[in-house]
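Each structure below appears as structure tokens.
Here come two complexes built around subunit A, the first alongside subunit B, the second alongside subunit C.
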Partner chain A sequence: MSAFLKLAWRNVWRNTRRSVLTIIAVAFGLALCIYTYAIAVGYHNQMIRDAIGVFAGHIQVHARGWDDNQTLEYLIEEPDKTIATVPVGDKRIVGLAPRVVTPGLVSRKLVAKGGGEDTSKEENTQFIMIVGADPAAELKITILADKIRRGKFISNDDPTGIIIGEDLAESLGVDVGDRVLLWTQDYYESLQAQFFFVRGIYRAGAFDLDGGYAIAPLATIQRFLNLDDMLTTVTVRLSDPQHLEDVSGEIDSALNPKVYEVLTWEEVMPELRQYVVFDDIGAYVFLAILIIVVAFGILNTQLMAVFERIKEFGTMLALGARPSQVAFTVFAECFFMTGVGVLIGNVLGFIAAYINTKVPINLSSEADLLAVFGIDPKMYAAITWPNFVICSGIIMGLALLMSLWPAMKAARFRPVEALRYV
Partner chain B sequence: MGTFVRIAWRNMWRNPRRSGLVVAAMAVGLWGLIFSLGFMDGMSRQMIDNTVDSHMGHLQVHNADYQARVKGFNMFHYQLDKYISDPGPVEQAIDASEYVVAWSPRIITTGLATNAQKAAGVAIVGIDPKRESEVTNIARSLVNGRYIEPASENTIFIGEALAKKLGIDVGSKIVLMAQDIHRDKAMAAFRVVGTYKTVSSTFDKSFVYISIGAAQKMLGMAELVNEFVILVDDPSKKLEVAKASVAQKLDKTKYSVMTWREIWPLLVRIVEMSNIFTYVFFILIFIAMAFGIANAVLMAVFERIREFGIMKALGAKPSQVFLLVAIESICLGIVGVATGILIGWATVYYFGRQGVNLAVFSAVLEQMGLGSVIYTSTNVSFFIWGGLIALVTAFLSSLWPASKAAKLVPVDAIRHV
Partner chain C sequence: MKRSVVIAVCVLLFLPALISGDDQSAVELVKRMDSIIRGTNSSEGSMTMIIKKKRWRKPRTIKMKFWEVKRAENEPGKSFILITDPVSEAGKGFLKIGNEMWSYFPNVNTTTKIPPSMMLQNWMGSDFTNDDLVRESSIVLDYTHRTLDTETQNGVKLTTIELIPKPDAPVTWGKIVITVREEDAIPTRQEYYNEKGKLVRVMTFEDIKVMSGQKLPTKWTMIPKDKPGDGTVIIVNDMKFDAGIDPQTFTMANLRKGGL
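Here is the complex of A and B:
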């Protein structure tokens, strides 16, 4: 057995040029697979982390029906009892934030220097989601406060202060300190309007948050909408996403399913999960084509290696080697050759991906385009072990599959004819 | 030269198995490129077509102060107070252009739609029902009831998704609230006469249609309009000419004429970006393929060392030997490209008709303004570029083997065993 292995290894290096070319192709293809995969995992994780971290949280509790309708018809009527079902002291949970979210309109109201309304400037109305949020709780569970570009975060000391996204500020033509009018239907379905002052402008990197949200202190919004202490949403942030199923299950079982819905981020943002899968499929198609192209190269090399050695196989068989041993030799040769390529490919892929974990791919010039999908224009790679194992495994497996044909050919030569082959 | 091509072509078939594998690798790579480009391009085209067909049209005319350019994906940004105060001459200017197929005036603003229980933020569009039906596909997207009629002052046509969201049906009454031209709260009641459904439920939840007369009355706009939407004959070629022909008859200081590309530049960039990414990916695949081709050609050279020696001894110049090997590689390339283009074309043609059903991804597709079936596009430029990339790859990968063959010393080569 070991003699055949030795034979196979030596065969690899009989035609150095050919083997090296094949090894380069395998290494290049594999490195490309590993690198692409690392970038995809990296920016998908980033997307999900950002979407959860900036606003959505891991788990959201609503009154049943809120997520489909998003109106004040679906309210958490007993907020204290609902919040009590979330095991806040638990290590798995970072914290929770009570919120009121409802659709409304915002218009700009400029105040002239004299104090009266500036009637010379036009007015601008936008459709938005109005959010009432508890500043302290939000600071604990979201990173929205870090995303403030100008001004400051909302505070309970400033009940009429709101923060809005940069895109909304721009399309309204307002800046920090300006007055805007929010209007919407309240709990009793009557139209309410109230002035707020823009205290902060944020850039979350997601087009809906940046262009369609206005966030004010919870108590103000509850008063504005005549909600008392009722909420639309309780958002929970976990310390580690692996507890998602456990914690959401625990909260779910503590609440009456007829009255409440407990949703994970995947249910709150189905488009995000789907985007990741959709994008992954695109990457798989690309990688599959790449691997097939590389595999054809391996097959070609191995076939050539067999056909230029027909006499040799004849001699081996004439000397008493069994067909299975001849096949094994060819098989092992392919294994060694691909193996060297796989080793080099892993090293190259790792180096390329590692560099990108420190230095991001910078697509800042396309930031507005990427924000549509909530993609951070600075893309970092993520190095995960399955990446190396799966990519290497597929290329190795395919190479061995490809070597079956040449191996069978070699095993089926008839010694007498093969020896006479010119 | 002709002789060399013939020799190269015959050499290629001396080892059909080897050549066949190289051709197969090229065909698979090229097929992947053509399909990916066709898919990505089909997707972005549908995104554009859906937007153009349902709302944007090819050209729009506004008051010169109106900010028509869409920021990011926020379509809901309207300025009611930037109106066209004298629509008559504008209509004449549009009608006078030979490139215009149809046009429609609109009043458009944001507001709330409410019934007794629920409210939703909507874009209120006042239209001339007949003209609008010639410009956009909203009338054709009818699902229930009927489309609105011109003279009607209290009928409204809404998306099915909005009807569902508000829990109402054809025949129900809803109230629209918005700020009028004087910035006062304006309210008017309407009866839902029909519902429509486009590919995007976001769109269907947002746009409600009333007659332009009703909108003018509700918002205090008298005879004013906000915009004219225009369809152009053969927009892929004549968009800019049509724009110029409308614009030259209008006072630039009072009116602006914009193409859909200018109104929503992001859509154009999405198409460009996705094509660039696809090309970059496939150039990488072709680099991987180049090693395989180089290998096969190199083998073909090394098993024929004696032959090259004899050619040279008979007087062939090194450059001719070089050319012979290069042509052989390009012949491989041509067969690979022909095969790749053929199966690539068959695939994109088939999926261009049947569509790729991606209903499982409906949420993300909808966010991009797409339906759940993607039709691949058969753009000739993809075949040309893909074929060129493959041929260049074949040529470049023959350089090393060809120079090896060219450098052979005749005496040694003839004696080579």
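Here is the complex of A and C:
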């Protein structure tokens, strides 16, 4: 067998130029696959990190049923005990934030110049989620404060101050300093209304946050809703997403599952997961085209190589080589060639991706446009091992599949005819 | 052709039943009962509502004053309710004229119209609907009445009357079954059934007292059948009937004043 392997290896280097070209095609194709994949993973990680960092957090604790209904019928009634189940001193946890989130309505209620009501402009009422948040805790675990475009973040010194997203501000026609009226049902299912003043306008880069949230200090909202100290949500931020399962499991087992639900960001924001999957499909289509092109390059080379050497195969068969040994030789030749290409491709792909994990692709020239969507203009790659294994595996597999036909062809030559082939 | 004959026969068969469904003695009894609780034409007074919900930490108590002019054949009904307690709710008002209802929020000096679709929603988290509190529907005018049964309990003669809504009546109940004392028309129990004939809620009347010279039950308890553990009690603190209410009571200006 080793003689045939030796033969195959030598065959690779007989037509050096053609082999090198094929190897380069494989190497570059693979490197491009690995690099594209790394950029996509990096972009998705960044998106998820932003979504978690801006508001959602890694883990959310609610009363059971809250996530499906999002009303004040589902409350954390013993907030101190609930919060105590989160191991805050732990290195894995950055911090937690207590919140109240409930649906409501907001409309503009400008104050006229001499005081009193300004009814000159028609009111525009929007359906929103009203959030009560602890300013200090939010500053610790979210980056929402960094996303303020105009004005400032909420503060306990300003109980009726509220921050809203840029899209909501636009549709209401309000700016920093304007008065808005919030309506909602309180704990006792009684309708309540209260004035708030817009203190800050943010652009979080998430559709729901920018268009459908109004955030005020927790204590104000708890009073507004007659909630005492009750909460709807405890949000936990981790230092590293790899602790997600551990920490959520620990909190979950410390709480009564009949009363509480412990959700990870994937359950809180299923749309984000779906977006990543959808975006991945786009990347897969691109990679599939690339790989198919490379595969047909290999098929072409192998077929050429076989048809060039009909006499040679005739000789091998005449000397007593079995057809399976001839096929094996062709197969091995393809394996060597692709193998070299895959090795080089992995190295090239790794280098390219590695550079981009340190130095981002800078899209600053498009920064204004990207900022509209809240996307950081600096894109980093992320290196993950499955990336290399999967890309290499697919190319290798396809190349071997493509060499099946030339190998069978070579094995089926009849020695007498092949020897006389001109 | 055949089908229209069938329809005609059906109509002929059922029409008499619909027309003669109203049993005169039952109508009279219901009319008397209604005036015992709400006066012949109008009523005013104050009451305390105690709402109990299983998931609440403690029951909630709301005190209010009310004024009502009942709906007549050609006149829309008018009501005004003013919350006086707890402090966080005090000054909130509800004004109803005919089918239109507004509420007023003193802390933001704003009135808002309550759409007709919300008339059957719970009033301030209680087991009473908006419509129960500021009734536009009338148990006299909107239903046909039929005596079901008469029995004697503890020496008191009780009559049970079934109320079926008229086809165009603005109510959602499938039927209401009222039990009333025959002698003085004081109600003891009302059962509300939905359109599928299922018992949805039961209201009982207790604590008969004399107010402004009239006997009336002063503790009304509403128990919803689908929410075990919940219930709402209304205690009538004081009641005056047909005392002549200032028409200015039922105006937006009065609503905005918060009854001051």
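Going forward, the second predicted complex is superposed on the first by the 305 of 422 C-alpha atoms of A that agree within 3 Å, B and C clash if a C-alpha of one lies under 4 Å from a C-alpha of the other, contacts with A are read in each partner's own complex, and residues count from 1 in each chain.
The rule we apply is simple: contacts are C-beta pairs under 8 Å (C-beta built on N, C-alpha and C of every residue); 3 or more make two chains touch, one makes a residue touch a chain.
Since we're looking at a predicted model, the values are computed, not measured.
Of the two partner chains, neither subunit B nor subunit C is touched by A:N156. In the superposition on chain A, A:G29 makes contact with subunit B only, while subunit C stays out of contact range.
Within the superposed three-chain model, A:Q194 lies in touch with subunit C and out of touch with subunit B [touch as defined at top]. Once the two structures are overlaid, the count of subunit A residues touched is higher for B than for its counterpart among subunit B and subunit C.
Once chain A of one complex is fitted onto chain A of the other, the partner contacts of A:N362 are absent, as it touches neither subunit B nor subunit C. Applying the stated contact rule after C-alpha superposition, one finds that A:E77 touches subunit C and leaves subunit B untouched.
Overlap of the subunit B and subunit C interfaces on subunit A comprises residues 73, 189, 191.
Taken in their complex, subunit B has these residues touching subunit A: 17-18, 21-22, 24-25, 28-29, 32, 36, 71-74, 76-82, 109-112, 114, 116-123, 165, 177-179, 183, 185, 206, 266, 269-270, 273, 281, 284-285, 287-289, 291-292, 294-296, 298-299, 303, 358, 360-364, 366-367. Of all residues in subunit A, those touching subunit C in their complex are 73, 77, 109, 117, 181, 183, 187-195, 226, 228.
Within the complex, the subunit C residues that touch subunit A are 51, 55-57, 60, 88-89, 103, 105, 107-110, 112, 122, 124-125.
Of all residues in subunit A, only 17-18, 21-22, 24-25, 28-29, 32, 69, 71, 73, 103-105, 107, 122-128, 167, 170-171, 184-185, 189, 191, 207, 210-212, 270-272, 274-275, 277-278, 285-286, 289-290, 292-294, 296-297, 299-301, 303-304, 308, 366, 368-369, 371-372 touch subunit B in the complex they form.
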